[in-house]
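Dropping the structures in below, format is structure tokens.
Look for chain A in each of the two complexes below; its partner is chain B in the first and chain C in the second.
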Partner chain A sequence: MPEKIQRRWPIDMDSMILAGILVAILAFMGFALGDSFFNIRNISSMVSQIPEFAFLAMGMGVAMITGGIDLSNVAAMNLSGIVLALCLTSSRLAGGVGIWGAILIGAVSALLVGVACGVFNGLSISRFGIPPIIATLGSMLFFSGLGVGITNGEGITGLPEQFTRLINMTIVELPPPFLFMLAVFVVMSILAPRLTTGKTLYMYGSSRVAALFTGLRIGKSLALGYALSGLFAAVSALILVGRTNSIKVGYGDTYQLQAILVVVLGGVNPDGGKGKFGNILVAVLILQILQNAFTLFMFTPYAKKLIWGGMLLAFMVVRTLLEKWSDRRKIRARMAQMAEGA
Partner chain B sequence: MTATQTGRDVILRMDNADKRFHGVHALKGVSIELGRGEVHAICGENGAGKSTLMKILMGVYSADSGTMYLNGKPVHFLSPRQALDAGIAIIEQELTPIPDMTVAENIFLGREPMVAGLFVNYRELNRMALEVLARIEVNIDPHRKMKTLSVAEVQLVEIAKALSYDSQVLIMDEPTSALGEKETDILFEIIHSLKEQGKGIFYISHRLKEIFRIADVVTILRDGEYIATRRTSGLDQDTLVSLMISRKLEGQYIKGNVPTLTPLLQVRDLVKRGRHEPISLELRRGEILGIYGLVGAGRSEFLESLFGVVKPDGGEILLNGKRASHRTPYDSIKNGVAFVTEDRKNSGLALILSVKDNATITSVRKYHRGPFVNRRRERDDVSRAIDFFSIKTPSERQLVRNLSGGNQQKVVLGRWLLSRPTILLMDEPTRGIDVGAKREIYRFMSDFASAGNGVIMVSSELPEIIGMADRILVFKDGRLSGEAARGEATEERLMQMAT
Partner chain C sequence: MLSRLKEWFTTGNITVRIMTVVLIAYCVLVGLVNPTFFSLEIFLDFVRNGAGQAVVAMGVLVVMISGGIDVSFLAIAISSSYISTVLCTTHGWAKPKTFLSLLVVMGISCLVGVLLGCVNGLVIYFFKLPTFITTLATQSIFHGALATFVGTKPVTASRMPRSVIEFGSGAIFEFTSETGSWYGLSYFAIPVVFAVGLTWFILYGTVFGRRIFALGSNALAAKRCGVNIFAAQMFVFAYAGFLAGVMGIIYAADLRWVNPITMVGDELIVIAAVLIGGAKLSGGSGSVLGTLLGMAMIVILRSTLVLLGISSSWNDFFIGAVILVSVAVSAWRSRQESKAALRFDYV
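Moving on, here comes the complex of A and B:
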């Protein structure tokens, strides 16, 4: 019977390592900081900060599983946040459909803007063959440019409190965005590796040539994948706008590097084809706890950047070393096989 | 200088080279010697051990046993670098240029003349390249990037590169496969002048006519065994072919299908410029159609056009008499076509994904309605494929890269089984896999055709194509050069049509 359990609940190395790190960090926090870390206020502040970043990380995860990257999702988040804020602050709209109508219209428009940003990326990658890193770098500049154009680079504040209250309320001590985030992680973990589009993207990420010869609809799937990244960016915008009661181009810029960091930390192969959303969630939690610890230890922002950058590089080095070790075995086997074929 | 019993002046001698790979006995005690000023051809079918032998000489592999002597002294190379330093260079069959570097940089890669040990002296580099190219009377600007060169020009640059090492022994593995007649003539002139300089040349080619034109001596290998060494002057082509081909037992092929006369697939003048000429053919229900030809004859390219991997320039495809459009592999699969590619590790499988993911990838759509996935059906299908081909894997979750070559190939077949095709395109379906797995693949082909479907099989292995195909088409230089029905196809005849 254990074999059957193993099959249904496969435990992979990445998950175990991540869980180990999470427990170790929590233990360290308890030991080093005690109550100043484990108190309701600190934890609920962390819980409210996690979702907006987690959605960006999930979008990044989708892009990186395809072997690409999405450098534009923070810019897309800003752009949809601006659209949302404009709807919410428009007295004409509120006068016409009421404040709840305006919130609904604003939220839907923001989500549509996010999806449009993603489709734009997906098409420029699949249709025109632009490498993802360049395509999304370009669209990042383009989306922020649009945002600056709309707002003249100024912040939008003074949003109706109905909206901020909606985002910041709690259900059993937990804010709705956090619960929603957990639900989305569960759905993504279950569906991404099973649905056609998900399978196509994993396959495409692990071997483009094989995906081509397998007759997969690569263009459509890539567009959907990046659209999902855009949609998540928009969800992130809803939360960010509600939490800060304002929006401005440049909000959340530090999330961009962190999203890449957390996705790589979560075991997504930057070359594509491999990655689990559950692991990304654990990595997000780890990052958030560290973030919180840095604040409690009163590190300067520069020290934080130094540590994040160092972590990303160190993680890639360890990963490369591990892969080199297994590659060496693979190459030996492959050469033997080539000789058999020769 | 070593004088041997034949009184020849021998540069290189290999005694009793033996090599096994994972139980495959690739080379069984082969001995060979290369004389000064001699062009020594090595002949044999695919899998005869030619490349393995050459790779041992070059230090790519080390032999399990056997000794090698260079100018009478025993040598043992641990890497191609050491072989190069000792004066053995190779022109490989697979070209490996660096496309974004110039001709000169490619020729002297890693040996560039330096200024102050830091900077490349480009003027000197280009002068040296020009000199090497002039030596073989090739007029290519050394400043050009490799990617702007034609395949023939790339081949000539590779030849120049090998010559630039000034080695005493030169190994040429299918050097003319990418060359036209004019370039081949140039190459042969070069070989003549190398002979006069007293160098020794190992020459591997499938083109028998070339061997009689250029080689002094020919050694024949078959299934890793040494068969004979003959002077070409006292040999004719038929004798050479009969020495090369093995009389394998009919029993290893499983064939029960009987072709009908109903056309299943008709191809009319399908053409893709630069890859293959207009090709017309017909595949009937119940038929296994073989396509034979040398490497580079356009066989795989034709299958890729047929499957929609590349878009053909013209021609039409009829399925059951109706026009079908194969603009992408997606369309072809919908029309019931499946394609088992030649290079399963690259174009066939996603190695870092599981057996299950690779097997179900073309048919995932079947298993879900909206967000709901029928995992039981999916798992049943995977187990069906695993059972059907007796794929040896600990579980469906095993990563494909951990399976053996034969089992990987069966995963590819399993995938296509699940997509329910009526036409199966197979490119070198049994390359690099063991005999047991081969038999299972032959059985599948036969059963598949018997059920009223059709198979197009491309193969370079003569016994296999004769053993399995009902009709054999021969490709040469991108066009159809002949056809033979089952029963009238012999290895000699097919090889004559292909060369």
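Moving on, here comes the complex of A and C:
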């Protein structure tokens, strides 16, 4: 039985390293900060901050598994947040269908905007063959430009209380966005490597030419993948708007680098083809705990920036070295085998 | 003359041809709506506003031709100009209002830029990392390190070396308009001409330039042909850092203010200009003329939407649209070419 489990749920090195880092950091926090870290208020504030970032990171993960990147997801998040806020603050809409109707329409149209942004990216990558970095760089300017144009660059505030209360309520001490995030992570890590679209995207990430020759429906799968990234951006917009009670182009700009950092830390190969959503979740937790610790240590935002950048670079370097090392070991084992055979 | 023009037009680089037509058409459109657009004053203003970005765009172009991308140049520009002005003011170097003292400030700034560029090059060469994510990381590192270890106090106009101020306010030649105000060709034109000329010479006039093209087209083939990949890769990032150092001083002179904590976000504009000008992320293509036209397009677009009666908050939207359309056209064309030649580099 354990062998069967082992086969079905293989534990790879990335997961073990990540779990080790998480435990080490938690232990360090316990020693260094003690109760100022492990208290209900601190932990519940962390739990409420995680989901909006985790959804962005998941979208980035989908894009990076295909060997691409989604630089536009923060801009898509802002755009769909703006659409949501416009629906919520429109007195005409609230007068017509009632406040709950306005919330429903706002949420649905925000999600649709997110999906539309993602499909736009996916099509410009698969139909026109624009490299993902450039396609999403251009669409990032395009989406945030649209947001600035609609709002004149000003923030939207004064949202109805019902919406913020809905996002910020708690079920058994835990906020619903957090529970929803956990559920989505579980679903993604089960379905992504099993559904045809998911498999296609993993294969496309590991070798584009080979994927082309297998006759897989690459264009459709890419569009779906980026649409998923856009959908996640919209979900995080719902959470962000509910949490901050306002929206403005430029919210969450620091998430861009952090999302890439988390995905790389979570063992996703930036060249594509490899990566697990469970590991991304662990990486998100690690980042959030560190973030919290830096705030408790009162680091300046610049010191944080330095550390995030340094971590991203360090992880990529370590990753390359580890891969080189394991390749060399494989070759050596193979040669030993051949020598035995001869 | 006309036949010469016709000849150039039928044989020249297609991206450059399309861009010239689009640019002229757009200028005519703006001129028709608002005739004040066609004036020397506005043109000279474009030169001044686009100077810093045009200089650094040359560096980004060289990196993109070699098959990489550099998004850390803004952090390099801020770091190098801040370190340079702080050093010069605290040690009293570059006090006199002379050309030589400007060269000292500029030289230190370029040196810091080259060093930071070398950091990019070393990391990317030795660990074979993707250039975009690496330079994104180093951008954070450079800026974070500057604010953490060097300082966060801005250098104000009163403390700035006089020569830098003079560099920003003076002009090579001046006119007085009918209303009495004066305008002229800013000194900023000199570094632009220098950067464009040097890049042109390196790319088209030296063997090393051809090697950079070779590295970008096919790194493995270039290596087999005996191109020193290390030297080429180090050079492109160091060169981008060097020009970022120049841009830093231009910005300092323009704003009369070096603030190490705010990053004036123009990275996207510069990269957009290089892309619109025909450079490809996969490397091996791109031209100096195309980049200049791309820069001109963006600078003109940014400052003329108001003349067309569109609020300036729509600037980013239109620039994003221009980028997407132009890269879509060029990607589509190269995909068709690859398909026709049965190459599978387009997927």
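Note that the second predicted complex is superposed on the first by the 323 of 342 C-alpha atoms of A that agree within 3 Å, B and C clash if a C-alpha of one lies under 4 Å from a C-alpha of the other, contacts with A are read in each partner's own complex, and residues count from 1 in each chain.
Operating definition for what follows: contacts are C-beta pairs under 8 Å (C-beta built on N, C-alpha and C of every residue); 3 or more make two chains touch, one makes a residue touch a chain.
What you see is a predicted model; the values in this text were computed from it and never measured.
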item	value
First (chain B), second (chain C), both or neither touched by A:209	both
First (chain B), second (chain C), both or neither touched by A:306	second
Which of chain B and chain C A:146 touches, first, second, both or neither	second
Partner chain(s) touched by A:91 [first = chain B, second = chain C, both, neither]	neither
Chain B versus chain C as contact partner of A:130, first or second or both or neither	second
Of chain C and chain B, partner touching more chain A residues	C
First, second, both or neither for A:199, with chain B first and chain C second	first
Contacts of A:191 with chain B and chain C, given as first, second, both or neither	first
Shared contact residues on chain A - chain B and chain C	209, 211-212
Chain B residues touching chain A - in the complex, by the definition given at the top	19, 21-22, 24, 26, 46-47, 50-52, 55, 61, 307, 309, 328-330, 332-333, 339, 341, 345-353, 357, 360-362, 364-365, 368, 371, 373, 375, 395, 397, 401, 405, 415, 431-432
Chain A-facing residues of chain C, complex	69, 123, 127-130, 132-134, 136-141, 143-148, 152, 261, 268, 271-272, 275, 280-282, 311, 313-321, 323-324, 327-328, 331-332, 334-335, 344, 346-347
Complex contacts: residues of chain A adjacent to chain B	7, 10, 191, 193-196, 199-200, 202-203, 206-207, 209-217, 269, 273-274, 330, 334-342
Of all residues in chain A, those that touch chain C in their complex	69, 124, 128-131, 133-135, 137-146, 148-149, 152-153, 208-209, 211-212, 218, 257, 260, 264, 270-271, 300, 302-310, 312-313, 316-317, 320-321
